[in-house]
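What follows is chain A paired twice: with chain B in the first complex and chain C in the second.
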Partner chain A sequence: MNKVLARKLVRYAVCLLIVVLLVFLLPRCMPGDPVQCLVGEDVYLTQEILDSVTAKLGLDRPLFEQFQIYIGDLFTGDLGYSYTRHQNVADLIWDRLPWTLLLTGMSMLIGYAFGIIAGTWSGWMTEKKRAKIMTGFGVFVSCIPPYLLGLIFFSVFVYQLGWFPYKGFYETPDFFSVVYHMALPVLTLALFVFARNMIIMRGSVLTEKNQLYPQFAKSLGIPRRKIIYGHVMKNAILPILTHFAIDFGFILSGALFIEIIFSLNGLGRVMYTAVLNLDYPVLSGLFLVIALMAICANLIADILYGIIDPRVKRGDDQ
Partner chain B sequence: MLILEADRISKSYGKVAALTDFSLEISAGETVGLTGLSGSGKSTCARILAGLERPNTGIVRYAGKELTGANPAIQMIFQDPAGSFNPVRTIYQSLSAVLHLQGVPKSQRRDLLSEHFQNAGLQTEILSRYPDQISGGQAQRVAIVRGMLVHPKVMILDEPTSALDVSVQAQILHLLKDIQKENGMSYVFISHDPSVVEFMADRVISL
Partner chain C sequence: MKFDRRYILPGLLILLFLIVAIFPGMFAPYSISDRTATYQAPGADHLLGTDNMGKDIFSLLIYAARWTLMIGFASGLLAVFVGTAVGLLAGWRRGALDEFLMGTTDIVLILPKIPLVIILAAYLGPSPWVLIFVLGLLSWESIARVVRSKVIQIRSSEYILAARCLGFSDCRIMFKEILPVVFPVIVPKFVLVTAAAMISEASLAFLGLSDPQTVSWGGMISDAFTYSGFLRGMWYWWLPPALCIILGVLAITSLAFIHERGVREVMQL
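Then we have the complex of A and B:
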């Protein structure tokens, strides 16, 4: 492992530590008694029982000692216990995470791939009517939040046309069942990702197109397709990478809303019920996992940046 | 023998007329100088002559045939040499791509480029560098080498020395003269500096 990568890893590790610290401190900074909050406002407990539960949870110990226990638990994969679901938070998240990752991953894959290609084309062919229509469509779709897009699609394709199912899958489904249930949510989120990336890519290609090197390549007789997709697209893709890192959290939150709308059994519904039930251990666990994914997305973008543009790598080395 | 001809070409961008009713004839081995104030249409004219842009009216002919697009026989050298290279590719990668188009096997490319570099007074170490890692003078020499790789008959030189300091300017001008002497190609030399145009051109046209 080279020095630059090691330095980056340290930077992201510090970032993760800050997130862990925030997840640990936030519930403890909230007003009120955490145990009372845990059992609910309607339940009356004697002071003795409250004290014993507080001691059992380790909340009577000094803050630093609590943090040590918390970190120790994290290393063993223990994210706490959900008293409303009567289940370990880690098990709950681990159970639902694959569906959220499937929805987000597939949507991003489709959205980014088509967004990059369409953005490159519309950036290169700005004068064409079809490119103008596509840009207008991209701007329009990108202005609609994913949850609203989801509601519109749900109303049209599920209620009106009946092409897709009303509810998600609640038991282990087979492959075709997964495709049937996931198609519309994936398309909804993919369309949103596509529109945002198409606009960014279009602007970036417009800038690259006016550089001298594509003209020089043209004068050398290099085929247009090769100039666009071999030279210009590769260089114009850098803002997309930056966008990937920044936008990952936003797309993930969009996925959570879409899961709620389409009744998918992912983290979105877990978060939704946790918010309704004030299930703080689940919310803390989700916050930590989502933050970890966002940090990983940033790290991947950071590494890819250096691979695609050697100037960045050189700057890092210096 | 007439090699490149522009017959009453005009170009406008929206309502702005960049070039109006311009005609030019260039014979083989001749150097035509093009001068004019900023905004007089020198660069527009260069792009049209190189086939990178189409005129709104008029016609450009290369070797008697209408020029409808870029033609490797007509090469263009730009004012910003470093900018004419793909910034994320090494000089070798950029030049190797041209040789690939020429059908030169990969095993012969480095030797061939080393030979061209020696003739242009360049060190072969430059091949492994990126465009932003070489000087303006070196980049312009590399750009000339790259243009020469496709064996052009006409070279459009759009202010090739205006971004360089005086001593490097002289080296580049002499290099261009030597290449012309060796290959007998035609030049369209564009500059706002009358002394440079006078040094290079057989005849001068003012825009």
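Then we have the complex of A and C:
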């Protein structure tokens, strides 16, 4: 396992390096004034401030020295300063991140739990009409971009029926207010996560079904429910873990878009205004943080995989 | 070979979208530069009303098909090209090159795509070509993996050995002997990448990261969202492009699923 994990760690390190290099090089290699590319295009600053930015980031020095300064800043948690918002980028992201993680975490919890169970069931009962309908529904939902699903829900449940509030959180977020505001966004994202996992799980159970051990278990007289949810599901869950690593970035981006639709107070709105104002420091910071989270998710998935599947630990798989 | 009837409905739908995309002038009652009164309700003159600029929404819907499909298919093609090349090389050569190429594939897989496209589009400017290029170069990894495992599966088979003994060059074996066998695996992947690119395009356009000169379905939804189409209850503004995206992606994806099922059935025989 150590060898496999070590190889993966090298890949993650390279991936992180590429991300950092990208964020570092993009503004500096764009045609035009790098200072303007680093502070954002739509802000007007006095020459004094521009000079101080140049001095702070060492823009008049060679590229390698600039990189050293940049890495040093990153290690002290300095992601730059947004001149459009007049705020530290790190503070801004740190402030909003919990809300985005709450939305993502809740939706993933619900979506994964129901998706795995429903996928197992519909993979086992492929011939049943209800299973077919459910599979069709899953394919349909996973073909809709998450933000469109959010728009449709917003217009039906908020605009037409008025069941949920128009805008995000209030100043003092007490428990019921948060639940009231988060219910529909969480439901939207959870539905999306559910659909994806259901399809993956169904395919996985289908291949597991043709193996001999479920039949053997059946011949031992073990009840069907126990075979499906105790034995088959445990084996079939591995592809879900593999996909978790890849899907995490996707779900997180989906969460950002859903926050925009429902005017939630998370990173999504930060990203939206940053795109509209071409606020490059914020966009770079966001990208760095999201990439870091995606890499962490991959690492967690690898570790979990090793725990659940002993074959990986022994290295049979590779 | 028996023709599968399940192909008909999605096939016809895609054909319709393609015809509309190629000859928008035949279907659209107005050109996209025509302007009349703003925010009109649907009526005899304007089937789906007009938007905030006074443009006919139905005509916009038709002209938008071109860019949405174009971006989807072009980035799908680019991804297939890169993915097949990487997969063929890695599977055929093995060794250090394989290790390197698969490492690269893993890294591309981890990179969070949509945030990356957002930051690139923000810096490079929202041109559809940038979008095609970036989306294409970010979505080849699954193709490379499938192609590689298929190549490894067949590289030790006897007919490849025969070709090697006859002294054919690596290049010839790869293109003439291996590529045709790998091809059926690539097709459904191409289709899925195309669908994913269409979804990404729609998401980016929603953020306002699309060229204002080009109309796309995602851009129309974005306009409806920013220019109070929602608060005015103008569902006929955002729902038709939304349905077009969903139907297009659904039709394309279902082609891939039917095909994959067909492959599985053949494999079991």
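List of remarks:
Definition applied: the second predicted complex is superposed on the first by the 281 of 318 C-alpha atoms of A that agree within 3 Å, B and C clash if a C-alpha of one lies under 4 Å from a C-alpha of the other, contacts with A are read in each partner's own complex, and residues count from 1 in each chain.
We take it that a residue touches a chain if its C-beta (ideal position, glycine included) is under 8 Å from a C-beta of that chain, and two chains touch if they have at least 3 such contacts.
None of the values given here were measured: they were computed from a predicted structure.
Superposition model on chain A: chain B and chain C are shown accommodated side by side without a clash. In the superposition on chain A, A:I246 makes contact with chain C only, while chain B stays out of contact range. More residues of chain A lie in touch with C than with the remaining chain of the pair chain B and chain C. With both structures placed on the common chain, the touch criterion links A:V19 to chain C but leaves chain B unconnected.
Residue contacts after overlaying the shared chain place A:V4 against neither chain B nor chain C. The superposition of the two structures on chain A yields an angle of 80 degrees at the Cα centre of chain A, opening toward chain B and chain C, reported in steps of 10. Judged by the touch definition given at the top, the superposed model places A:Q215 against chain B, while chain C stays out of reach. By the touch criterion stated above, A:V139 is placed in contact with chain C alone, chain B being left untouched. Contact with chain B, but none with chain C, is seen for A:K234 once the two complexes are overlaid on the shared chain. Taken over all C-alpha pairs, chain B and chain C come no nearer than 12 Å in the superposed arrangement. Taken together, the chain C residues at the contact with chain A in this complex read 103, 106-107, 109-116, 118-120, 122-123, 195, 199, 202-203, 206-209, 221, 225, 230, 233, 235, 238, 242, 245-246, 249-250, 253-254, 257. Here chain A touches chain B in the complex through residues 211-213, 215-222, 231, 234-235, 308-311, 314, going by the rule given at the top. Against chain A, in their complex, chain B makes its touches with residues 47, 50-52, 70-72, 74-76, 78, 80, 83-88, 97-98, 101, 130, 132, 143, 146, 150. For chain A in complex with chain C, the residues that touch the partner chain are 8, 10-12, 14-15, 18-19, 22-23, 26-27, 30, 37, 139-140, 143-145, 147-148, 151-152, 154-155, 159, 245-246, 249-250, 252-253, 256-257, 260-261, 271-272, 275-276, 278, 280, 283-284, 286-287, 290-291, 294-295, 298.
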